[in-house]
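In the two assemblies presented below, subunit A is common to both, partnered first by subunit B and then by subunit C.
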Partner chain A sequence: MEKKDSRYAMEDSNLWYETYASDQTQHSSEALSSDSDKKFKLIGKHIKRIDGKKIVTGKAPFTQDIKLKGMLIGKILRSPHAKAEVLSIKLDVAKSLSGVKAAILMIRGNIQYAGQMVAAVAAVDEKTADKALELIKVEYKPMPFVVIEEKAREEGSPQVHDKRPNVEQRRGYSRGDVEAGFGKADVVIERTYKTAVEIHQTAETHVSIAKWQGERLTIWDSTQAIHSVRDQLAEVLQIPASRIKVIKQYMGGGFGSKLGLNEQTVAASMLAKETNRPVKVMLTRKANSLCVGNRPSTFQTYKGGVKKDGTITALSLLSHTSGGIRGGDRSSEPMIDVHKCENAKVEDYNIYMNTGPSKPTRAPGLVQGTFGLEGFIEELANEIGMDPLEFRKKNYTTKNRGGTGIPYSSKGLDKAYEIGAKQIGWHKRNKVPGEGKGRIRRGIGMAAGIWWGAGSPGTLADVKLHPDGSVEAVCGTQDIGCGTRTHMAIVTAETLGLEPKDITVKLGNSDYPWAPLSGGSLTTPSVAPALRDAALKAAEHLKGMAASKLKVSASSIVCENFTFQEKGNPKNATPFKEVLGDLSHEIVFHGERKGLPEGYAYNTFGAHFAEVEVDTMTGMIKVIKVVAVHDSGRIINKLTAESQVIGGITQGLSTALFEQRIMDNETGRMVNPNLRDYKIATSMDIPEIVPLFVDSVDPRINILGTKGLGEPPRIPASAVIANSVYNAIGIHIREIPMTPDKVLQALKEKEVAR
Partner chain B sequence: MNKGKMKKGKTNTFTRRDFLKGFGSGTLGVAITPKLLAQKAESIQTKAGEVPVYAKKQIKFTVNSKAYTKVVEPQETLLDVLRDKLSLTGAKKTCDRGECGGCTVLLDGNPIYSCMYLAIRADGTNIKTIEGMAKEGKLHPLQQAYIDKDAYQCGFCTPGFIMASEALLKKKSNPDLGEIKKGLSGNLCRCGNYTKIYQAVDQAAKAGRS
Partner chain C sequence: MKEFKIAQPKSLDQVTSLLSQKNTDYALMAGGTDLLDEIKNKIIAPEVVIDLKSVPDLSTIKMDKTHVSIDAMTCVADLAENPIIRENFPVLVEAALSLASPQLRNVGTVGGNLCQRPRCWYYRDPDTICRKKGGSRCFALRGRNRYHAIFGGGMCYIVHPSDLAPALISLDAEITINGLEGKKNILRLEDFFTLPQNNVRKENVLEARQVLSEIRIPLPKNGSKSTYYKFKERGTWDFAVVSAAISGVISGGVFRDIKIVCGGLAPIPWRLKKAEDFIKGKNLTEEVIKQGAKEALTDARPLEENTYKMGLVEAVLYTAISSMI
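Here is the complex of A and B:
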């Protein structure tokens, strides 16, 4: 499993997910639908978080808040140059400063982007560490660089990697015969869509604390992936993984940027080793904007053929993407899978440039690809004068690969279309895009989305019972804000007839049973079934113990209301605590999230509908309402699920309207590495949001029928706004963020063309 | 966007604080730092020349109804003093330059970005942080409302939001949605759970009136 966890570092930042998904089908298959029609008391209800009190009182220990005895403050020196040879580094003066305990080199080879780590120091306080950084003398020999995609693509532009061209072909895709498909079409159009580089901008900047005790290393890390950090750190430091423990209790946002080992963890570990004291390294907002990842930009050219009756005959995509010095995102997934189409082809290229390396960003590739594809779908529908919802229904498929692959285990997208259209008032939309009059134009649009999210077979979890009647749920997963602690308590309590608050949940420690990183919508469909498995085993054992007390067979006992009772005869009952009291010592039950039956595709789906207003005078877009309908199988906790959907929509709106990294061609630096100039959606931008779920349970995905929900609400959330703007003004803004200048420019062009 | 981000008492501190705090970077720092730090760095030459050095100062202030006397350095922010010297880590260091509201506390009843407020200025003031909101183990109605409505995800910005909410409700006990949005516009929630936060403030406002 370690191998899989480290895949975040692969060139395609989103390839990891698909490789993971296809691997899952190779696991053993067994009937897993035993719980699929169960009526639950807790699962699927609105349950408040069990750790809410800690959060609202400021007591939740985020890594930033942890202070160890004798702890030093570590700081990182970064390159001001986008590309340079490091001729010399002098650490002596810095080391001689009183209060400085260590200064070490952190660079091998040349500088590849502005902000790259060069050296690190540890000192008694922040002020001294900052001072020490200034006393490090680095001699750079600046080299030609390129930080703009269009320039990197030009012939003769400075080469970013020694052994790779700046434009490098990636794995493509092909099925059927697209040329033949275009030949059969009544209409063939081609359109290009662009998306900007986006920065995660997590609330808590990346921070790690390292503490050595002899040969053992403990890391407190703001991470989404305790096991990955452990394994990757072991590789970097060349020590056994068994000697490293990674702890993460609370983390201030990750969105993919904290999916594995980050540089500050390595720096903290090395500085702590050197000084023999605990060291904390916390990145600044600026460093967090430059060095910990980003969502790659994309340039997507779609060509599509359609018959007058709405049949899509062929789709092709030529994609360019830039993840800086690392590879970009694959934006082709929506086109390959979502709508029925026999003939499809993808050509895909990386553009390398001297900017910070990409990392998965909530729904990597799919946010960009859905903006492109779903925008193109609207334009295709408009070409043949068809309602875009009817167009999507016409091309609906229950098999993957556009209807040419294997059946989806479950797909509730059709229901999502139905519910969402009704909720938004689809009939109120402009029948012809832009037909409204006046300065303020209203429009209604939609977009569909697909994601994986089946979870990781092999996930382990324990239920531990104590003779005093207390119960633990233990799993080496992490709660990154989705409410995983509460999910674990809900599943365990549901199974044992208790309340969530009765369960002591333990997570966020790499010494606990293995669970995957918290990314890719993996957590709930991995952890919840594993815990359910463990709790069912515990319940079975306890029923056996209760059977002799109740003088009935174990099979006729149920766990309910803190008791074990005879089914249909609740008076014949014994308290839960009393049964546990008969244990001579603690007892542990191991649960596992089993494999996925072969022959099916396991995906999540969602459809968003939005209403917007466009001010044709100022170019400002105001989102009025968003309705999101998701098929993520059985929802474990409606309350936290709604929050997750609302968050995905807010972030998607932010991507659609505001977010872009701006690079300076002259200096090679990012000009907006802060929260003032890097615009994100704020309180004033939030529309009415209606989060809804298709009431479905996947029949075979796992014993709870639950699928992931982390990525899905983020996926159609930007596309839906662009499509609504199209309906409002009759012009498709094919570039996000749709800033007012772009809207005004598009309106002007339309005026000129008239 | 980002309208109304600057709140009362926040604008006039930037230049001064930026100057003082900035002495970790730039040639200026080389000139003043040897006086505050150890002497080994004295041999470092600088073009900046002499710059007046502000002395440490003893301040007296009240935090969550408890009186403190602390010696602070001139460049230290109130946020640093709360977190490092008083171990009150509820207020967070998020942007460290007055852009996000993660460090919001109440100073004499007004919401401030404590990362932009020099500690020496807090002398004689009365400060309330998230740790002072619950009384004798009983949650403040706002805290309860944030739990009830699930008005958080990662929870990192929550202390700042609750303090901003408290300031809003103190000023306006019956805010409509537009007023809630405006009142919280100085705070950023990257997980994007604003919708639930509005609901929580609304619930707390109603609880306060009943």
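Here is the complex of A and C:
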């Protein structure tokens, strides 16, 4: 997927995670010396962002803010039809409008979804570009389409792809013998869970600026993946990657929708080439809802067998998922991995329909799968009258694949259970779900989560020292808002005995040393160890230089407090600056994030606990408190780590309660492509959030023992609310978003059943 | 977006004389929070936008012996903070504070709030030409209709978006409409709104060349109480799924007089007369209130996805009324 043009790729939106995030053992090398015993001064503390003030005072330049001399504004014309043949497109009138510099075709073949791009224009300003779009005459021949999952599954529904059925089998999974497992169970139940399509609502909509200088192309892009944009664009434009530079300094959110090349970057590049002027293309909120990806919907039917003592004997999953014209998400990972179970089986199907293509959305598949599985686990526990926390502990495993695979390098989920249960007051929960009385019912629930997040071996970073005493940390990663700049400064400063503000951080430029895309929780466990490696080499070199000054051997020197000093004798010291002053020219130290030792599974874990209130008269769910406990190895910066967790919970709450793409069967269009009707959580909906970390250091994952944290807090965040609602009212709402209509309906059904 | 000219009249007379120029397509702009959205999304394309903000002295709240009058250009935030309003009409303050967001309340006006256009997603889709926009059908009827009308539909199933309107109607408010040649027309706010079957293109009786200038509310009688309860899906910045404005006179734990006007239920603010009749004079038990709602709901005609609003009517009435006793 990395190397392919993402626009035409048919793969699952989460496929690359599996190749990227889970199969890195092939890069394996010698066991790493770990820093696990080190006492750090900066690492692991609450450190303010080095660019925080710049961001909150509006001084940080986001891609949308950039204006180049002579820059044109590009706009994209989109199809209102969900499926159509394009009979003709007339660009002439638009082209002849004064101020319009180019109008080009962007479509090959038929229209596949409403919102698909058809043509693009570049003009001197936004107004003119808008007018030009109106002057493009397109003759469409509408064709039969399908935009609702249930309808796409019906026999004889309009076929979405010529060479694929609407319902297409995906890779499954099997271990042991599930039928035999069900046979051994005391109780076997089956339940179906559904999740709606979620849109990546980034604060900054997608935007790219392209500028050609002869054969060379520079792209300013709001992206999570400068290197992927460069490589994919090179392929689409058929030019060498070496001639493209991609820059991204500040970004207003991506959540996966900016993981690779997007259509606006291609349009900007083509328009810039045609006009020989820089061109900026920025998407509208509406386009953002239709064309840049989405989290696929899922329909997950779990069947599980359990013995009275809590042993899970077998689990099976039949999953259907729709990512529109592209594949859906694999939601089976939690079921395959998290809880002990010898026998497991997965059958998985894509549903194709005429809606915009999916893209990875923060923890693709795992969010949906965790909502399904962790809900099912609560229901299984309830069937045998067991406390769901005890049930999870009973089925705890330190090996992957439900206890049948290889050992986890580290797994702090048991500690997370313990800390979280204590913090939420687990004993206060209803012993029997729904046993409370009155209009407002309270409930407490939990959910566990797993993710990858080991980082990418081969990540490179440099530390550059200048004779004037200044230090650079350089890496071709990108800060997508999570605080990468700050963690780079922290790691470098820690190693050299300086303060974060003393480090000049350079990132967000594809000319810098390679780092992976910022997705899949890869960034910190890739970049931090690479930089640590470079900084250790720099420190080593400088200690050698300081040795003669201090008249001790290099090995007995430490860098601390802006000095090089003799270990145990801080008076024998020489200032950092003075040592650098002896350099005759700048010098660079290359660092690398090394491979992962074979034979272990590298995963992150987390457990969320929540308390909710349900108004049984209105069906309204109010989340009171969420406690999140994560095992992400060593935490580099507590402050930004906590922010990351708060953000994940906010998003998870939002999809649990509000978010859903609503498609119209008749027009084939999304009816809520705006932030009024596509509802996301507001500040008034956010409860008390307690982010906590299991203070563990992975012994072999990398030299800092750190794991990723991008996805993990998002994973159990929707499931935990559903499980808490179950505890409150005794009904499991098996579909997100859990809007009041669904809660009321469920309460009504329970009333009738009584 | 089509380009438009902006006109900045300096008096209401200038507004009406601008309006009297024939053959020009005008739109009145108050705060612009809705109008500009409609223009940008290509739902409407006026040639001239008349900026009412340029008219001085159109945003005062005054009290005389019998009435409180509110100028149309009073912004929603000022309405909510006004001591006269706070003292006399809790329902209006609660409705004002329940709507939109602080930013929108600072800009949006009372007149604009009453005249704002529906948020039906088919109406707001530039590529869908529904009946309200001159097309031949309503797409909500068999389409996606979880937020649509359960009362008063038929031709068109929008719900009226205003929170202030139910509150003001429950208080028996009147409005002043200025027409051509200085003509003034006073009518009950309740008669201002009109159902799709009368004119599917509009939500009220305002003619093309008229402007709403003032709202007048009679001072409350002794023993009057009022409240607004709005059920929305999220904590803020959300239109009513179902809301109820309730005003009346309570004595001895019983409503002697009651008016119930709902938002989110119908193309116009919807009065639950059957509920009023049932509840009036009875002891206010949960059963009585809910039965009142049920009586009113016998006239409801929910669509495929909005039956849940029926249950919410009961919940909203119960919550609102029980907060008054």
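List of remarks:
Going forward, the second predicted complex is superposed on the first by the 741 of 754 C-alpha atoms of A that agree within 3 Å, B and C clash if a C-alpha of one lies under 4 Å from a C-alpha of the other, contacts with A are read in each partner's own complex, and residues count from 1 in each chain.
Going forward, a contact is a pair of C-beta atoms (placed from the backbone, for glycine too) under 8 Å apart; a residue touches a chain by one contact, two chains touch by 3 or more.
Predicted model, so just to flag it, every value in this text is computed and none were measured.
In the overlay built on the shared chain, the residue A:683 is in contact with subunit B and with subunit C.
Of the two partner chains placed around the shared chain by superposition, subunit B and subunit C are both touched by A:658. Shared-chain residue A:480: touches subunit B; no touch with subunit C. When the shared chain is aligned, no partner comes close enough to touch A:144: not subunit B, not subunit C. In the superposition on chain A, A:647 contacts subunit B only, with no contact to subunit C. When the shared chain is aligned, subunit B comes close enough to touch A:64, but subunit C does not. Shared-chain residue A:80: touches subunit C; no touch with subunit B.
Set against each other, subunit B and subunit C touch different numbers of residues in subunit A, with B touching more. Looking at the shared chain after the overlay, A:165 reaches neither subunit B nor subunit C.
Comparing the two interfaces of subunit A, the one with subunit B and the one with subunit C have residues 127, 130, 658, 676, 679, 681-685 in common.
On the subunit A side of its complex with subunit B, the touching residues are 48-49, 52-53, 55-60, 62, 64-65, 67, 93, 96-99, 126-128, 130-131, 133-135, 201-205, 250-253, 255, 282, 284-285, 480-483, 639-640, 642-644, 646-651, 654, 658, 674-676, 679-686, 689.
On the side of subunit B, the complex with subunit A involves touching residues 1-5, 24-25, 29-30, 33, 36-41, 44, 73, 75, 83-84, 87-97, 99-100, 102, 129-131, 133-134, 139, 143-144, 146-148, 150, 152-159, 162, 181-182, 184-185, 187-196, 198.
Residues 1, 3, 119, 121-122, 125, 127-128, 139, 142-144, 146, 231, 233-238, 241, 305-306, 308, 311-312, 314-316, 318-319 of subunit C are the ones touching subunit A in the complex.
Every residue of subunit A that touches subunit C in the complex is listed here, in rising order: 80, 127, 130, 615, 617-620, 657-658, 662-667, 669, 671-672, 676-677, 679, 681-685, 739-741, 744-745, 748.
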